[in-house]
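Paired with chain B in one complex and with chain C in the other, chain A is shared by the two complexes that follow.
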Partner chain A sequence: MARMKFLCDSERCIECNGCVTACKNEHDVPWGVNRRRVVTLEDGVPGEKSISVACMHCTDAPCSAVCPVDCFYTTDDGIVLHDKDLCIGCGYCFYACPFGAPQYPQKEAFGVRGKMDKCTFCAGGPPADNSEQEIEKYGRNRIAEGKLPLCAEMCSTKALLAGDGDMVADIYRERIMKRGTRPQSWGWEKAYQEDV
Partner chain B sequence: MKLVKKRNLDTHEPVATEKRGLLGRTVDRRAFLQGTGLAAGGAAIAVGLPTRMMRRADAATAAAADGDTVLKKSVCTHCSVGCGVVAEVQDGVWTGQEPDFDSPFNLGAHCAKGASVREHGHGERRLKYPMKLVGGKWQKVSWDTAIDEIGDKLLEIREKASPDSVYWLGSAKFNNEQAYLYRKFAAMWGTNNVDHQARICHSTTVAGVANTWGYGAMTNSYNDMHNCKAMFFIGSNAAEAHPVSMQHVLRGKENGSKLIVVDPRFTRTAAHADQYLRIRPGTDVPLIWGMLWHIFENDWVDKEYVNQRVFGLDEVRKEVANWTPKVVEDVTGVPEAEVKRAAQTMAENRPGTIVWCMGGTQHTIGNNNTRAYCVLQLALGNVGKEGGGANIFRGHDNVQGATDLGVLADTLPGYYGLAEGSWKHWARVWDLDFDWVKSRFDQASYEEGGAETPSMFLRGITVSRWIDGVNEPGENIAQKDSIKAMFLWGHAPNSQTRGPEMKKAMEALELLVVVDPYPTHTAVLPDRQDGIYLLPACTQFETYGSVTASNRSLQWREKVIDPLFESLPDHTIMYKFAKKLGFEKELFKNIQVNGEEPLIEDILREINRGMWTIGYTGQSPERLKLHMENKHTFNTTTLKAEGGPCDGDYYGLPWPAWGTPEMKHPGTPVLYDTSKPVAEGGLTFRARFGVEYQGKNLLADGSWSEGSEIKDGYPEFTADMLKQLGWWNDLTDDEKKAAEGKNWKTDLSGGIQRVAIKHGCAPFGNARARCIVWNFPDPVPIHREPLYTARYDLVAKYPTYEDRKRFWRLPTRYASIQAKDYSGEFPLIHTSGRLVEYEGGGEETRSNPWLAELQQNMFVEINPKDANDVGVKDGQWVWLESPEGARIKVKAMLTRRVGKGVVFTPFHFGGWYEGKDLLDKYPEGAAPYVRGEAANTAFTYGYDSVTAMQETKASLCKITAA
Partner chain C sequence: MKSLRVMGAACLAVAVVALAGCGESVTPTVYEPGVYKGDRDPLLAKHATPEAKEALQERFAMSQTDR
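Here is the complex of A and B:
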């Protein structure tokens, strides 16, 4: 069984926010809620790098581990989803998540997107696939239609990849080999030596 | 305690801001911008959302009964890359947007703007119905009333002044058919006072490049950049202005190409470069000559290429000798070694391409810059080759098409110009009597450049200077009177300079008409009580037609949804006006009109019948539709169809697609590429400047396109030339009749082109590209300091031009402005540019909540050193003041993206004026979500010496805490 993963190739990401608005578009995400966003380090100076971040759909998801009402569940494809009818919007997952993925709609506690909202890997939630209820609470379910997340499908430079982790890895590995260098990912120098 | 804390938390701070906190040291531009302003907007959106969702849900329910989602194929309406858009439509509601993986241009990709176009289908913040200002308040009126009242006023002005007192400002947002119709409309109204955004975008490119090698367009394509060995970006921030082009750029880079970026800012494009050169704004010529200095010094010139295909490089050599490394470093600010390294990279990695945009064009010497870029590429032998060329990225989605179709003050469609012969050519295409067309104009002649010229043949006032056409007394202008009525038809006024004078002009007009899907900055800038009309045009997603991408390919848009509210397609509105003004019979003589909507296909067929100069003749509606249906059959690097119904064609039949549609020319993917036969998209340099200059041969020498029967240079084809060559009898009898006494540009049968190509020749001749343009003010491009320069010490050595009495009908100042040194009081160089989320004047994109949320504040980028010098902190409100007395209130953003002494503002904001939000002046519910000061309010006087392009890349300002 495939395990769905995102990977953002920082050599390709140009911080154009196509992924962000694609997500807004596909799921009618309200103002102030960002299921996905682009983060830039060293903004405006040599070494500037951008990366698009959303829920990473962790295998051992900390949000799920800490949730007091146990509203999270993992699909057969390895996508981490949550049940908005169970969720109480406490924000404990917000503490736990290393990526700042959980979002809390600003106004009403029982607003259009429930108490907590996050990236669904375009896989909706517990209600029937692409039912009115699912679309309203979670957005569209592209996975059920055999499609991949729109953010990645629409990425301007094909920096953001999404899909079966093995296939994503193959694509990325091919790029790295073509470039003839080590991955330019952050933290490399910290994890290894600079000249590795 | 607890209660207090809860209150503190409930401050409507955006959730996203807190998230960024979690992510640690992410202080980036966006984080900075998402500060304030959200609460109000956010609330509005939160209320708005459920309605939209319900519409979608309703449609889904209805569709369940009805069945299907219909897929509509369109093209993004933002930039010139031409990204395919796939829309899912249910019962007339645009419910979803899918990636267009079949499009060879974008392969499914979109930037923020492209990924958000479905929002057009909701259109809450739109101009919903015709409105008129009455006693300072917006009042809804019917279309008929509006057309009647406006029409009566226009006819009154025509009577008491002349047709030239009405200015028809058109748009790069038109599709090709509307652009053509608009130019024809202006001709039949009887004026050359018609122009559009190309004037303030790439006019200096078109003039400079066309005068160098024949055509003024992008020579290759975005896709062709996969083949580059080197890419040289100067004054182009593609990562923000043309994001999807970066897919091709980065693919080229991964194929091994070197990437060099020259810009005053360390842009997001620069972040991906192998080498970045920080240049002082306005010193492009010195930098390019500095590189050429090394190229000459090290003998890196492609000698064979230059001997065969280039004229006048030795003249340039003399000028370049002045630009020694030391002088170049002093003037440009780029270290000597960096200039040499860039030159060497370009020399050692051929073919290489050069890319430029507004950073190069928007200067008083813009035409010198563009020609210098061309000379660099000619010396390296890079033009006319895959992976080489001048990849000039155009701005708007159809600015290439609107330029080609002549929505310009100096030409009819197809760059035919305004000479009597040009008018006669088009009168024949229109099937109208030339004398009738002539009778529509002011019959008087006016003095400009020492000659008296009848109004019909005298180029009009440019969009960059329409404000002077209003403010200047009539007797100073080369027309009967000043401008009294102004149409802004798809145009953002905040994209033009000199805000206070623009406001004054808008207040002085007798009539101001906006035709646009949005009210625009025009609706709120002037303080008026009446005399403004706002007419709702629909967007290109609510109509259909062809659109020309930057690479000269034409794509066909399908209609996605019906026009929203009471909006109408532009061509329908043109019909209404033509009818009111009394020339609809002539305007639509050979164009079918259904109800009030002219048939788009018929308009394209008329274009096909007349546009021989640039080969817009082969792209019939049928061929374009076939291409759209078979997008997936085109190679994504070469753009050539491999098998299928379009086999051998290049995607979108990039012009020139010579001859008639029946001739089935495949289009020209790379201009001037002699390695292919002309019949298969090959080409030579155009013989546009005669055959000799001062006794020296201008035709190519020992170079010709593959398969040419004339194995040398040759002039452009005429009927007589065919006879001399013995090819006359290759024409059919009908063709002979049409071709007699005509040339390749004026033969309406296309026979001359067909026969020339049959013999392997380019219809426009085979000549040399020229490095000296003897008909321009500076035949060899030279450096001249900006009018407002921070290096006043250099003015003596590199002075600007003398003032001109009349230039494009208006008095034009140069030296009299530069005479004064402003650099003491206004020490910072002010430059401007784009943000990825917004487009042009930004009215449309700032009205789209998905985009508006990402950029909520107008700001100025300032180097920390300069900020500290004036005591300004990050995020603080500041006043930015221009030497001409304008001032804008913006937020300071401290960043090393700009160098010391340079500040940058994005030009997409509007709806504020000199510190005041003009929200209450918008028609109710039609204000964009995000408003801010227009950067151009504070940009100063200055116009290109050939095209009257405005200077927006090198001005001066001072900044103080607000």
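Here is the complex of A and C:
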């Protein structure tokens, strides 16, 4: 059984923010919400490292565990999705997520939150695939079209990989062998635990 | 003597009423953890087919392998 995973190779990421732009453009993500962002560690210092971060679609997703209305579900291949019709915007998932993935549009005055929004691995949500309703609420459903997340597909340095975890691991293993360095698969242990 | 009894009964009644206010239901609202309650995603059925999985693997090999 294929297990979908993201991996960001910090040795290759050049902080171009192309993945962030591609995601926002593909899904028409509103202002103030970033499903993906690039984080730079030790910015400005020689040897700085950048990583592209979004929902990692965890094996045992903490967001799903804490949701009081059980609006999360996981597909057979491990993509964690949610139903915005059930979400009450409580923010519990934001506090539980180790990657800061859940985002909330500020819809009203006094900081009232809207429905939670996060990376869907380009797999949409419960409405019919690529229906107007799905595109409006969750963005495009590329997985239903046989495509993979756009952020990874258009990454110019192939730093960001998304797909079957075994295939992703094979590519990364080859890179590590060539470089002769230690693997730094950022976030993998936290997200996939024994499934790494 | 009678007034003492009446006062005692009154005090008892007040104490019972006051203590009754301290009581609360000990049964919290519990949700069933992990049971998704929304609509079924049509992608789940579509994506369970071997053809769909193969298409994604081909796509990965085409677009994400190292150059």
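As a convention for this text, the second predicted complex is superposed on the first by the 176 of 196 C-alpha atoms of A that agree within 3 Å, B and C clash if a C-alpha of one lies under 4 Å from a C-alpha of the other, contacts with A are read in each partner's own complex, and residues count from 1 in each chain.
Following the convention adopted for this analysis, contacts are C-beta pairs under 8 Å (C-beta built on N, C-alpha and C of every residue); 3 or more make two chains touch, one makes a residue touch a chain.
All figures in this text were calculated on a predicted structure; none of them were measured in a lab.
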Which of chain B and chain C A:Pro62 touches, first, second, both or neither: neither
Chain A residues touched by each partner, larger count belonging to chain B or chain C: B
A:Gly125 touches, of chain B and chain C: first, second, both or neither? second
Partner chain in contact with A:Glu174 - chain B first, chain C second, else both or neither: second
Touching partner for A:Gly78 - first (chain B), second (chain C), both, neither: neither
Chain B versus chain C as contact partner of A:Lys158, first or second or both or neither: both
Partner chain(s) touched by A:Gly89 [first = chain B, second = chain C, both, neither]: neither
Which superposed partner A:Ala2 touches (first chain B, second chain C, both, neither): second
Contacts of A:Ile135 with chain B and chain C, given as first, second, both or neither: first
Intersection of chain A interface sets (partners chain B, chain C): 153, 158, 175
Chain C to chain A touching residues, read off their complex: 31-44, 46-48, 52-53, 55-57, 59-61, 63-67
Chain B to chain A touching residues, read off their complex: 12, 14-16, 19-20, 22-23, 25-30, 38, 41-43, 45-46, 49-50, 52-53, 56-57, 60-61, 96-97, 99, 101, 106-116, 118-119, 239-240, 243-244, 246-247, 250, 254, 266, 268-269, 271-272, 276, 836-837, 849-851, 853-854, 861, 895-897
Footprint of chain B on chain A - complex, ascending: 11-12, 14-22, 24-26, 28, 30-34, 37-41, 43-46, 48-50, 53, 99-100, 103-108, 111-112, 132, 135-136, 140, 150, 153-158, 175, 178-179
Chain A residues touching chain C - in the complex, by the definition given at the top: 2, 64-65, 68-73, 75-77, 81, 83, 85-86, 123-129, 141, 143-144, 146-148, 152-153, 158, 161-164, 167, 171, 174-175
